[in-house]
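What follows is a group of structures, each given as structure tokens.
Paired with chain B in one complex and with chain C in the other, chain A is shared by the two complexes that follow.
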Partner chain A sequence: MQTEQATVRGAGRAGPVVLGVAGVVSLLLLWQLLGALDVVPRSSLPGPWSVLGALPTILSDQDFLAGALDSAAATGLTVLVGSLVAVAVGLVASSFAFLQRPTMVVVNTFRSVPATALIPIGVLIFGLGMQMKVSIALYAVVWPILINTIYGVATTEPMRRDVARSLRWGWWRQQALVTLPSALPSILTGVRVAVGIALVVVISTELLGARYGVGTVLVQYTQASRPEVVYAGVLLLGTAGALLFSALVRAERRLVRWVHHD
Partner chain B sequence: MTSPTTPPLTPPLTPPLTPPLTRTRPGRATTALRRTAAGVGNLWLLALVLVLWEVYGRVSESLFVPPISRILENFGDVWLGGPASQLFLSDLFWSEVTTSLSRFARGWGLAVVVGIACGVVLGRSPVIAQMYGPVVRFFAAIPNTVLLPIAVQIFGVASNMNVFLIFLGSVWVVMINTADGVAGVDPMWLRSARSLRVPRWVLYARVIVPAAAPQILAGLRVSLGIGLILMVISELYATTEGLGFQIVVAQSSFRYLDMWSAFVLIGLIGIVLNLAFGRIETRLLRWQRRTGLDAL
Partner chain C sequence: MNVVVDRVRKSYGRGAEAREVLTETSLTVRSQEFVSIVGPSGCGKSTLLMMMAGLLKPSSGEIRLGDEPVTGPPAGLSVVFQDYSRSLFPWMSVRRNLTTALTASRLGKEEQRSRVEHALESVGLAGKGEMYPWQMSGGMQQRVAIARALVTEPTVMLMDEPFAAVDAQTRADLEDLVLRVRHEYDVTVAFVTHDIDESVYMADRIVVLAANPGRIAADLTVDLPRPRDQVETKLDARFAKLRSEVFRLVMRPDTPASA
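So, the complex of A and B:
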């Protein structure tokens, strides 16, 4: 790896940026070419310029902005509630030996039903509002966090647990000062995965009928056959998603570093 | 059912310690039997959850949440009950499940091939990695169901739409994991392969890909789940056949039991696919570890 990296030394320190830009530009050219050669009809894949031109349209669309807020709120609420529930259940389940494996059986069984399949029943029970979005997304989000919590607890240094036990710490104290800090890196990974899943599921519910949200607005633009606006929206969502993930990774590293310093 | 009953017998002094002690005592001849007994014993919580569901379904008498016994009964009526030549599965099972699974297999299979191929290129060439790495991460960050309206626009309501969406949703995870795995191959192995003048394709087939296998397989496992999610959502959104379509039909004609038994079937398919994948994974990784030891 190191020898290979030395060969790109010619590009210097600005290398990654230049090469990254070159990569994006080459893909844009390919995109333009696909349209120009009529490989994909314009009506389904508009050229890059018309998509970029549609960015102001979608950014000034009040429905889109309100929908984005709504989707973000649903995702945030889901991840928050889901993390609290899953971490609590995970800590309890892994504190008792007779609960560990049975819990994993339950988790693996229910995890196998993709949450998106449950959207029709969610609509019947909860209607088309926020409650439906959050409850369907919760179903999707709880399992990865729970699994990561259980794994995280299982990898706790046994010595630390022995110390806590010999100090005769109570259950709460042991969880808060020993188990939770050592499981934190694993839990945070689970939460990061959960954010992505929550976003996907929330947008799925919007495509299939929720009354407000980014997905609803994009479906409206599709039906109005304005594909360039749809693509612009997808680009925006991708950018937002990428920024969110890099922020999460950074926050995670900071928290985990703190754990290691402890 | 042994583990839950033992702790009450010994008062809660050190309950977590009792089950392992009893488990290590018996002789080797009975270990296989013990293991299956433990496997069955681990099901008690699942059974409890299902019983609670049954009780809730009966007490609430909600139309939308029927008790599990009636769902299973309906499951038997709708999806089972075929002749022995069809393995006792109904005609509907064969037509719908093969439709959905063939879409899944095509989309996911394509994603695996393309993802691993591109991932190897990304992992081997730092220049290409720097050019396209950010773009790949960007695509991976797009919540992939957003692409559903676009996929319908490009392909119309056809099987290719579902295949395309499954492919597009699962390819990035495979690609990123493969690239990371390939970039992380021990340089010593590469150098020794080079000094042995190993031909190029042998280097890839016998050294690089096997060494990256654990991470590639981890990516495949994640993409399996994503692919299933997208298979269902794309069939719910726009299609004329398949499992998701059965759910939509059942919902719009108020046959809630049919809907629930379709959930059960989808869950079973997920469980079977995950188990099969786990088998293949341990098989492949066992081989990988053995060559690792041989290389030492």
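So, the complex of A and C:
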């Protein structure tokens, strides 16, 4: 029994790595196979080796690097501003009973409109710069953070509210020391979701017309018939996204250490 | 300071659906007194305590702390809640749990620090200020909750079944701890419990409540010598007599008192 458990636990640690490597290798093989069997023409899907070979090209392209910085700045700004606004609105809306229903109606109405459908309107209003990207992406990220904030506030332990009242804390102190920390695990989940959404929306705006950004550069390479460079760019974006995601999960665990003991 | 419960009544709901939790009840907890409030579940003992704490509004009647009517949580009154795991703030260290309890008192930094250290020392947690509640055993966490109640140096401390969630040995330790700090801090205590032995062991006076609707069934004076001792006090014939008296009132309220 004990050895069995030990094996299982050992597999639990090595398992994800082995499976991950196996997954990547089989994907590369399948990719190579698709090209070799002529299922997809080379001009649409270059082989894995030519994509990997294009990595130096894209990494030394100043436009791509500047674009990446631009996209990252737009994403970061969106998540920062979106979090501040959504958390503040969420805390206020949750504090007053009469605001709760109207807030949910507004949230459910507006979040049903896909943000990418607003890109043309955004272009009309804000033009093709940073302002347009961030505005559209903001629209997309505030809803999930707002919903998670409201949900998180609702999970606040009522006894802790009583403690705060009996300690005679004012509204601000109650928000800062009880409500916000209680909602924090849920808010951080919302922010993690929002980062992914912001990245998707920012790159979409770039594909559909923004003047700068990785998306813009990828469109240019598509038009120049350099598919291997486009794929190399997509590969880099995927890797960056994966690294960002795991960094966020780790940061989240550090920020709310008490959750697993509560 | 006296805590006066003056013709207080509490009911939930309205009209035909109204449920009376506590019928009109009057009670005075005198300054420096230790009063146990004991009764079966549903007798409104926690409701009564929460109204004394200013956390719950009576349906009618008035609570007074000294001469001041209680309309919200008053200064000089602390509450120890039933479940430490839900009443402490797990995102704060023990020291910060205590320091933030002092914010409404508006003390200087130095005074705050010395009060916090003193409170930690009083409950046997000196040097544990940097720990987080979730790193501690249940007994230690409830000590933190008691220290948080004492750090404001209250005149009145209300305790709502504070030891319901700890094991028997820890419970005995915590009972003696409360009896000790009560004198150290010169605090008036109202102590809600459903444990009959505990109600007798701790108190100067026992208020026994009956259920459906909640009301005072008896008000008994405990003439046991102090300091109390977990072994000696419980061997005392007076302890046994009081214990069975309270037991009868709580468990068999319809039988008449035996001589």
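Just so it is clear, the second predicted complex is superposed on the first by the 239 of 262 C-alpha atoms of A that agree within 3 Å, B and C clash if a C-alpha of one lies under 4 Å from a C-alpha of the other, contacts with A are read in each partner's own complex, and residues count from 1 in each chain.
Operating definition for what follows: a contact is a pair of C-beta atoms (placed from the backbone, for glycine too) under 8 Å apart; a residue touches a chain by one contact, two chains touch by 3 or more.
The model shown is predicted, which means the values in this text are computed figures rather than measured ones.
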Partner chain(s) touched by A:Trp169 [first = chain B, second = chain C, both, neither]: second
Partner chain(s) touched by A:Ile125 [first = chain B, second = chain C, both, neither]: first
First, second, both or neither for A:Val178, with chain B first and chain C second: second
Chain B versus chain C as contact partner of A:Arg160, first or second or both or neither: second
Chain A contact footprint on chain C (complex, rising order): 50, 53-55, 72-73, 75, 77-79, 81-83, 85-87, 89-92, 100-101, 103-104, 132, 134-135
Footprint of chain A on chain B - complex, ascending: 3-4, 6-7, 15-20, 38, 42-46, 49, 64-65, 126-127, 130-135, 137-139, 141-150, 152-154, 183-184, 187, 225, 228-229, 231-233, 236-237, 244, 247-248, 251, 256, 259-260, 262-263, 266-271, 274
Chain A - residues contacting chain B, complex: 1-5, 7-8, 15-16, 19-20, 22-24, 26-27, 40, 43-45, 95-99, 101-106, 108-121, 123-125, 196, 199-201, 203-204, 207-208, 214-215, 218-219, 222, 227, 230-231, 233-234, 237-239, 241-242, 244-245
Complex contacts: residues of chain A adjacent to chain C: 157, 159-160, 162-163, 165-169, 173, 177-178, 181, 184, 256-258, 261-262
